[in-house]
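What follows is subunit A paired twice: with subunit B in the first complex and subunit C in the second.
And then the complex of A and B:
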């Protein structure tokens, strides 16, 4: 008997409710709970993975058979993404353990658990309105976490995010409403089987509403103005969660809907162009940033542009490459945010210019940052190289040579601004001001070490991950199969 | 029909408020007007003229005489979510006011691209 995928949603949600109550009795125990929860979920994710590859699990909730009730669809793609989210969540928890020392700790962990709930919910649910609810859970937790440090800029960044985000959710809700009005159901698979009878003008309207609604969370240009502020004002582990988990869930939702409901070549062309613009604009903006976390945020947007390019080529290979890039980006960007968090903490300033000579003072943290930087640029021995290579190959196979050239140009820009930081770390003389010596805690180093190890191992043996992604990519491309599975036919 | 028109009008009024007003509180009011408009539209979709509540309270009732219960369930959820977002927004406004001593959005903008 397998463990039900419902646990991915129910357990962190329960933990989120219990944490404030337990926090009244023991602050220490509160810090451990998310770790236990995420460890358990990682175990479930890994043990269910082979099952989902063989036969996708459709979990019927409350005894209402689809298409009437809400069902969870746990296919290869969902299995891969939930495994990614829970494992990354666990690493982020390890890092947070000593990093988040400021009160209110129990609120931090409560919101963290809600983010996990929301993201896994978006991925697992087979119901479009349910997806809206999870999107909102994620968004509300993300707004609050952006303002977690209670400073001036944090509140402003959070408010900006909230304004854009609630507009987005209104658009999403309108789209859901139009879908319900025109197909009479909320089940994603059922909608897919009926969508062809809907008038084309309505479909385009729905598509635009979805693109705006999800594009904001997925950092699609020009809807990503919130991202640099939110990433740089939130505590560093939250930056890693945004880049590693929340954006991944949003991209999943966008691509699932596009592949299921709006499977025409014009849409893919449009997305391809938007992806390219997103990537180029973000990399250019990253060049001129003075603050390291803002730079990382723009780089994250650029990477998402790359993922969208790969998705919108639309072949099974390119989707597989996009999923691989999502994995690499989650791991590498989390490592960069972790290292940047302690570099900022040690130098006492968010500015890149304050990092001069830290490579000597903080050899390990700086080393991890440099490793992450080299990996995300895509240098050969590291994981980032393979996903970029596969993306380029699949894009070139589709005959889009212009896109290949633009991706390469973006990579060069990326290399310039990352290597600028790395050279400051190692080759610039230390600035005169002496700051007190603070050590990076062991848990922080442990979290970074694990991620660095994953980057190197995946870099040497990319085929393991690559082969795991094949069924996931095929699931996304093949919509008839999805309908058959989700409707229990 | 009147429901559809007024729902769309509410959405447009709310968007106008969000886009043009300078006072943060008014922007948030605009957001909740948009929410109300969407909720009204949702209810209007499921409405049947002279329909009754979708409960089988006596045996003579037929399914076609009832309004669609699904949009109503959705609206209930959407209202709760809207409330949550508004509460978070107002909490942020309190903090912004503490830091800046103003509610004018033009005077608060410090972070830029």
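And then the complex of A and C:
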């Protein structure tokens, strides 16, 4: 059996089904399984990457050629995103290993595996209904993980997310029905080749349904009300999963559909404006937050706004910059959530004001948080600087000076609230209360250390990642090429 | 004011959705893919039930996804209701008539469920329907007998075993055939029980899985009621 893209979906699924049986015999081994699976998937992702760069792989499923069966399209873009998801998944597993100590641990890892299955599925599939199925898998796993701590706030956040998420799913499904009714096929490439014959009014309705459906998962303003609650009430590694994996898959789905089916300049203008509003509103709300994880959640929404701005400029360069920003955001926000998770434990409170003076008590964890904060603001030696710079250049190239100014203003706001936390860590006197809760375990430090290393290395040598993203960006922009590849012509 | 606005927006949305959907002609031959399925099903998959062949073979990957959605729902629910384990159900016994009736009907319902999913490629119905029928049988017993218990250990085994079989069938298609979930068994003679390759095997796995999951869900939910 040769390695092929379907392993990204089949192997974690098999692991999720196996975990309950293995859990009967050994509780310890259950914790190791996701690590083995994600290590294997990372190996598959890395070894298939060069293949996809040369010739995209279209994997036919159940032996039926598209458009009659379902197929997976593994081009440079999918290769990049699956590699990002599996590698981030592995780091998140390392962090979870000692962080998740509350039962049911077995269920936590099952949901975690299924979340990975769902989000890689969204990225790999070349079929619109199949994308809906994987969107459902991702969303339901995310609802359950939000409420994993089983407290009142968690249940409330999960219920909010569940309601609005079901709304999103039904809108997406309605759009899929309309597309099938008007084109007679579910294969994304074939829909794209037939979309021009669909009446304009129907097309606009489909667009609106998709924008609402995916906008909720992609945290587009004003549909992102669920995000701050879900991010802050879920266990910290789950916050990292939301920011690093789930949102990335949803943004991919939104952008893939917009570039393939609704390639009008008006749509891009609309998305640009929504991106700017999302970014500004989120950064201003982040400013006002008293709780550290809520602040990180709003900052995450703001960063997604920035990514959407870069995507909706629509040139190959700006898409490349957006993909780079997605990479940086996944790595940096995960580091921030990891560090914040233990800082909250050490200080014994979710409040920012409780972090006074922790820089001296917990030097390593605080250092990682500070590093992440400086990187996400976009200070020069770190990775975040380059993607923000490339975004600004590409937006300025398109002549959108107002957008450049607004992005810069948002960055200043971002700098203010992140530096406020960092200064509390290092320069404020420690408050009197002494609540020693838990030491940061080695696995936690290891996960944070790896991410910090990535941030610094990418900051010094940004060209390696940047050059890898060029074919991915071209794949997204070039719609005729996608149709040719995916229909095996 | 907010309610008026909400109703107004809902009205606009409903109007546009209705006007778009009312333009779709039903029953006309427009869907190219649909035509292809109708013409080629029996020849290509050996299943005389076209819907089954689409669900399990042509779009079998979606079905694997749908099975996963149900699995997720039951796993998520079990994770959230974890603390409530072991709480006894406190309900009254049903009347004698209901109890005796339930005892008589219960095995027949299980039999019907099994029949529906085993014959999924021949008659209307399939794994999801059969599994749901089995779960209704168990629900009937839950409601009639206070002492009726199901073994969670065995439910978990059944559920996992069925899920693993589905994925393994898929992977064996990759090993002995060319693609994931590809049929690797002979198609046989249409209309016979042993025909249509892997379709009946997949549907039996789906039926067992759905039955076990829905039963587990019902049991979990019933134990939260005081």
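The criterion applied here is as follows: the second predicted complex is superposed on the first by the 486 of 489 C-alpha atoms of A that agree within 3 Å, B and C clash if a C-alpha of one lies under 4 Å from a C-alpha of the other, contacts with A are read in each partner's own complex, and residues count from 1 in each chain.
Keep in mind that, in the parts below, contacts are C-beta pairs under 8 Å (C-beta built on N, C-alpha and C of every residue); 3 or more make two chains touch, one makes a residue touch a chain.
Given the structure is predicted, the values throughout are model-derived calculations rather than measurements.
Look at A:181: by the touch rule set out above, it reaches both subunit B and subunit C. In the superposition on chain A, A:6 makes contact with subunit C only, while subunit B stays out of contact range. When both complexes are overlaid on chain A, the residue A:143 reaches subunit B and subunit C alike.
In the superposition on chain A, A:133 contacts both subunit B and subunit C. More subunit A residues lie in contact with C than with the other chain of the pair subunit B and subunit C. Of the two partner chains placed by superposition, only subunit C is touched by A:64; subunit B is not. By the touch criterion defined above, A:261 lies against neither subunit B nor subunit C after alignment on the C-alpha atoms of chain A. Of the two partner chains, neither subunit B nor subunit C is touched by A:485. Across the two superposed structures, the residue set of subunit A contacted by subunit B and also by subunit C is 129, 133, 136, 140, 143-144, 147, 150, 155, 158, 174, 180-181, 186. The touching residues of subunit C, when paired with subunit A in their complex, are 16-17, 20-21, 23-24, 30-34, 36-37, 57-62, 64-66, 68-69, 71-73, 75-80, 82-83, 153, 156-157, 159-161, 163-164, 167-168, 170-171, 173-175, 177-183. Those residues of subunit A that touch subunit B in the complex are listed here as 129, 133, 136, 139-140, 143-144, 147, 150-153, 155-160, 162-163, 166-167, 169-170, 173-174, 176-177, 180-181, 186, 225, 228-229, 233, 285. Residues of subunit B that touch subunit A in their complex: 11, 18, 24, 27, 31, 34-35, 38, 41-42, 45, 70-71, 74, 77-78, 81, 84-85, 88-89, 92-93, 95-96, 99-100, 108-111, 113. Considering their complex, residues 1, 4, 6, 10, 13-14, 16-18, 20-21, 24, 59-64, 67-70, 103-104, 107-108, 110-111, 114, 117, 121, 129-130, 133-134, 136-137, 140-141, 143-144, 147-148, 150, 155, 158, 174, 178, 180-182, 184-186, 199, 201-202, 205 of subunit A touch subunit C.
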